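Take a look at the structures listed below.
In the two assemblies presented below, chain A is common to both, partnered first by chain B and then by chain C.
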Partner chain A sequence: MTTDPLVEVTGLRTTFDTPKGQVRAVDGVSLTVGRGERVGIVGESGSGKSVLVRTLMNLFRDDPLTTVDGQVVFAGENVREMTRERRRHFWGRDIAMVFQNPMTSLNPVKRIGVQITDPMRFHLGMSRRDAREAALDLLVRLGIPAPRRRIDQYPHELSGGMRQRMAIAVALSCNPKLLLADEPTTALDVTVQKQILNLLDRLVAERGMSVVLISHDLGVVAGRTDRVAVMYAGEVVEMARPHELFRVYRHPYTRGLLNSAPRLGAPKHTRLEVIGGLPPDLAALPPGCRFAARCPQVQPRCLAERPPLVAAGPRGHVAACHFPVGTPAGDEALERNRDSGVAAVVEEMAS
Partner chain B sequence: MAGSGGAHLRAAERPVLAVEDLEVRFAVGRGQEVHAVSGLSFDLLPGETLGIVGESGCGKSTSARAIMRLVPASGGSVRLEGEELLGLPEKQVRRRRLRMQMIFQDAVSSLNPRRTVRALVAEGAAMWNRPMTAGAVDELLASVGLDPALVGHRRPHELSGGQCQRVAIARALALNPAVLVCDEPVSALDVSVQAQILNLLHDARERYGLATVFISHDLAVVKNISDRMLVMYLGKVCEVGDVEEVHREPAHPYTRFLGAAVPEPDPDAPIPPDEITGELPSPLDPPSGCRFRTRCPLATQRCADEEPRLRTFGHGRAVACHYPLVGGVA
Partner chain C sequence: MNELDVLDAVRERAVGEPAGPRRRRRPVAVGVRGAVLLAAGLLAFLAGAGGWLGGVPSPVAWLLALAGAVVAYRGLGDLLRFAAGPRVDVLFWVLCGWLVLVVGSAALAPLLPLPDPSDTAASLIEPSMARPDLFSSHPLGTNNFGLDLLSRVVYGARASLTISVIAVAVGLVVGGTIGVVAGYRRGLTDRVIGTLVNALLAFPPLVLLLALATNLEPSVSTLLLGLSILAVPLNVRLARAVSMQVAEREFVEAARSMGATHTRVFLRELLPNVLPSLISYSMIVVAALIVAEASLSFLGLGIRQPEPSWGNMIAEGQQGVFEQHPHVVLVPGAALFLTVFAFNLIGERLQSRWDPRRSRL
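What follows is the complex of A and B.
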């Protein structure tokens, strides 16, 4: 897959001008998405996941308060240099997005059917009748009961899960090469979430589409992606195939994320691992590692020197840490902090 | 999922909170009514945590509000330390609330934005003429993991969501309640902060011997914090029992599907097929008989005709289903 990437992001930087100063929401992210590859992006709020995919789509192009640096190449074409004309077909036909809240992404005053057929007619030049037939077919595939009635309804007449299915139908209507799903099931109940994720999996596999699936929930991306990137404070801190990431994680933040989530399989009252402190202020980032102030194995070097994203294991596993978890250097650092109580000092720093 | 009935109540063990046949109905215009909660019964022993879990619209938050008397109950009984709360005049209810405090999902908006953290914590006690000393306030702040010197003078907007939830917890603990009702207290928080708050609630319970009602849509969170759990669906109780037992051997089909739908952070865990289809029916027009029958693969004609009642089995468990997965056929 890496031999023929669909998307190549290099050194992407998105900075917002705010009264507080320059907020570096995405800061130097490089990432590829292969054809037919499913990439998961996880991280907590403010880690830059959503801004990353919005930048990837070039949604900030006309925003005077946003500065974008770096390169996004989509199927050999530089996204940031696309003309207005080209962009109109880039969005919808080449790349499509499913947002968290379908109530705001769907047009409340247009019938569902129109919202699904409009892109088909505009991008693919289909006739009204053909588009309607194709839309009905899509609704059937999305498991929507009574599609002939639903297609003429308005978004407010549908339940949350049904609306999100419709938003997926709009996104898939022109068979895009890349689907960006930004927390597509976060607002839904777990039983509905599972139905929708399974549905997405199936449709994406059938069409050989590439997917970027964003979630704050490691469980959502675990079994449904080929590669997972963990973001923290605007950077990718670790990236690997799920099997490596969930078993032999190298970044202390990945470990923290995994161990702080309560597991169904764990006994009741299991003490959860806590990541102390708070993420750094994106307008005043520390010079060294951004996780240093919360890291249990922080060393003086971490405060001074920003760790680069380097190979940390087989099959493209990369991590940005001077003292990776599970390596002799990392174990030693953790041990040293335990003995000397540096962890206590760091905790103080963080609070 | 009828789930009416109080066969599982443990009156002999002197519960600190006993809820029986709680009913909440809201008028929604045109003479229509929503039965948000029907026939909810549970009890809570001192120091115990009961997790109430269910999807949106199942009535779990409305139950909490009705127990606190924040919304009027249409029927039933809520006894706090042996004393009936429903029907008490508002003035007396306020005094009872000293013994039963609540924290909310959106901690930031549950705090008065114009007060400082110290004032917020001391406010409740001062209102009842038992002012706290500055030292006591700071001690309480420290016990919820906030540095009084650093945050004591700040206002809610200067704090993170997790810090606000800590203030809300300190504020509730300041009155030395017997029961703490938590309505989705960690749902708006990132997972690392969520862990901090869950650990804190656990410690507070140990230290103050608090009994807790913990409401959440997240089964894994409820599993972590609770001793017993109660599963709700469309305003009714499906199943009650020890959290480990219910997880290991769910008796109600809905409990099993809920558990199977939780995504596990394990790439090797097989993703089970969709056993449950469709979505929650409208509470305006709930299905006859068992309310879960429209989504239940085991449903028969009997489920449509006859509402299953909660019946006990095993060790302190109860289930409302004609064809439970464990505990024998009704």
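What follows is the complex of A and C.
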């Protein structure tokens, strides 16, 4: 891994116009992905993970109801200012995406082979025969048995895990520099999940690709990424190396996420900890910290002032919290709330 | 009992039906019964409908013809089951056979040994209003001018089918394209197209056709124009609905994210998914257009006498002719009914096979 960034995202904001008002799905995210770096993004449903990577690809450019602000620079090139010609080959050849559900991400009426070779022929100008050979080669490396038979089958003839491998083959077909994997294993069986993730890992390492791996499962991201960003309500609230993040988390939301994962070693009938409440309405965001309403150590300052993302530890560990977990300020805040209750904070604000 | 027999027996008990190649032996008795029933039924039908009982059609003759048709149909069903197994869809295949017969004879009409369908000068020496008699030179009888009804039915089919199929093809290509574009682009394009299509659909079809036929010259091309105008909005609506459904699936976004242009997404992702629905729907539209064409020709605004069309042939039964010579109306009427029924049923079967809602891929 080098520190030379492949992608630099600064102040990215994606807003959808809906009947309910402006939904700020991604709100001021800055992120870099180095060459060959694997970045994980975790967060619950609706925290803006998928919208972030789609904005990063500039997939919303044709959508009249979506407004995008901020900058995305890919290998020194401003993604949002690409010409139509450039963009055509940017997608697929420089950047590609693996989607969540392999049941719907393959076209049911086209043979697998055609779906894998189409991008090769379109982007790389390969002949039908060369592309087919390359596709067979790819299938072999994806560990697909009898690739010569599989390549001429239709998606419905394959199992879920097999289909996701095919979807990965489509994404990898033109050897992109950056692979975006949007919950690639969420729709799959647990036993197949690990296979697919390991496979993805191996292929990416072989090619020195950069990866953005999205998941709502911290376990998926833990061993497979160099850096993890935690997203909440459209913002990155904490970012660190996975080892550091799991040991010395600073944001109360990260703590909540980690605590709410069931553990195999825990005694029977252990109550699963949950984060109470719901994420805020993205169309009517509170002025202060977005996690304040669910935070056990919330303070009046949190409701009024939005915390910036600041250094919170070594090696680029950043967190957005006025009273970070594990610091004296955070402990004191938690203690105070334990004595007087969270309600007291809200009352204090109201008065 | 060997192993295979045991397996088959187990499967038969579990599934409740005979299984395995060993049990597929079809009882010859069914075949024989089918052949006998078919022969007897046809004979009874001919006896009843063919006028063998002589002279005026009596209720007995009609009943005999009806019973004969039913028995013949049962016999045909038995024969089909004998030939293709017990689960064959008899009605479907019988109607397919009918369509093949109609389309085939219409296509090959000039090559068939049929008398001229419209040359009244040549038919002067023929008997007029001859009753159907399979063993005469006019198997389905003749009309007022002594023109052969079999020939007229075949040439009528030629006209009806050509016009309807061309109109449907225009509807499929033009309507399908517009519909898929509307369903994919959405937004303003969709709203404009939707409004125009709804306006066209709100217009009573027969009134539209009548207006066209009276303002323009009643001719084959006017007929084609009118029927195409009817077919286009129907296809637009269906194509729009299906492509909207397809466009929301992830593979369209996946194709976009792999750099596919809009044209490419349209041609390679959407169209192959929308086409099956459109084609099966087209069968039903063909049926509707055959009826529309027949209605216009019946009113004298479509194909004009002496050129035959099923519609204007039925019109020959007006002013008391039907009561005296029912065959003049019944022959083209039966052809029209069977053909429309066949297109509807086949279209419906195809639709349920290709229903996009059933393919959860």
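Here is the rule we use: the second predicted complex is superposed on the first by the 339 of 351 C-alpha atoms of A that agree within 3 Å, B and C clash if a C-alpha of one lies under 4 Å from a C-alpha of the other, contacts with A are read in each partner's own complex, and residues count from 1 in each chain.
By definition in this document, a contact is a pair of C-beta atoms (placed from the backbone, for glycine too) under 8 Å apart; a residue touches a chain by one contact, two chains touch by 3 or more.
Quick caveat: nothing in here was measured; it's all calculated off a predicted structure.
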Item to check | Three-chain arrangement built on chain A, chain B and chain C clash or fit | outcome: fit
Item to check | Which of chain B and chain C A:Leu257 touches, first, second, both or neither | outcome: first
Next on the checklist: Looking at A:Ser45, would you say it contacts chain B, chain C, both, or neither? Reply first, second, both or neither.
Outcome noted: first
Checklist entry - Between chain B (first) and chain C (second), which does A:Ser127 come into contact with in this model arrangement: first, second, both, or neither? => result neither
Checklist entry - Looking at chain A, does chain C or chain B touch more of its residues? => result B
Item to check | Degrees between the directions from chain A toward chain B and toward chain C, using C-alpha centres, nearest 10 | outcome: 70
Next on the checklist: According to the stated criteria, A:Asn107 is in contact with first (chain B), second (chain C), both, or neither; which is it?
Outcome noted: second
Next on the checklist: Contact-wise, after the overlay, does A:Asn78 reach chain B, chain C, both or neither (first, second, both, neither)?
Outcome noted: neither
Checklist entry - Does the superposition put A:Asp118 against chain B (first), chain C (second), both, or neither? => result second
Checklist entry - Touching A:Pro64 in the superposition: chain B (first), chain C (second), both, neither? => result second
Next on the checklist: So if I take every C-alpha atom in chain B and every one in chain C after superposing, what is the smallest distance between them in Å?
Outcome noted: 5
Checklist entry - Which part of chain A faces chain C closely enough to touch in the complex? => result 57, 59, 64, 87-93, 96-97, 99-101, 103-110, 118-119, 122-123, 155-156, 167, 170-171, 173-174
Checklist entry - For chain A, which residues count as touching chain B in their complex? => result 44-45, 143, 145, 159, 161-162, 189-195, 197-198, 216-220, 222-224, 242-243, 245-246, 256-258, 260-276, 278, 351
Next on the checklist: Show me the residue ranges of chain C that touch chain A in the complex, using the header's touch definition.
Outcome noted: 187, 249-251, 253-261, 264, 268-269, 272-273, 359-361
Item to check | Touching residues on chain B, where the partner in the complex is chain A | outcome: 55-56, 147, 150, 160, 162, 190-192, 194-196, 198-199, 202, 217-221, 223-227, 243-244, 247, 257-271, 273-274, 276-280
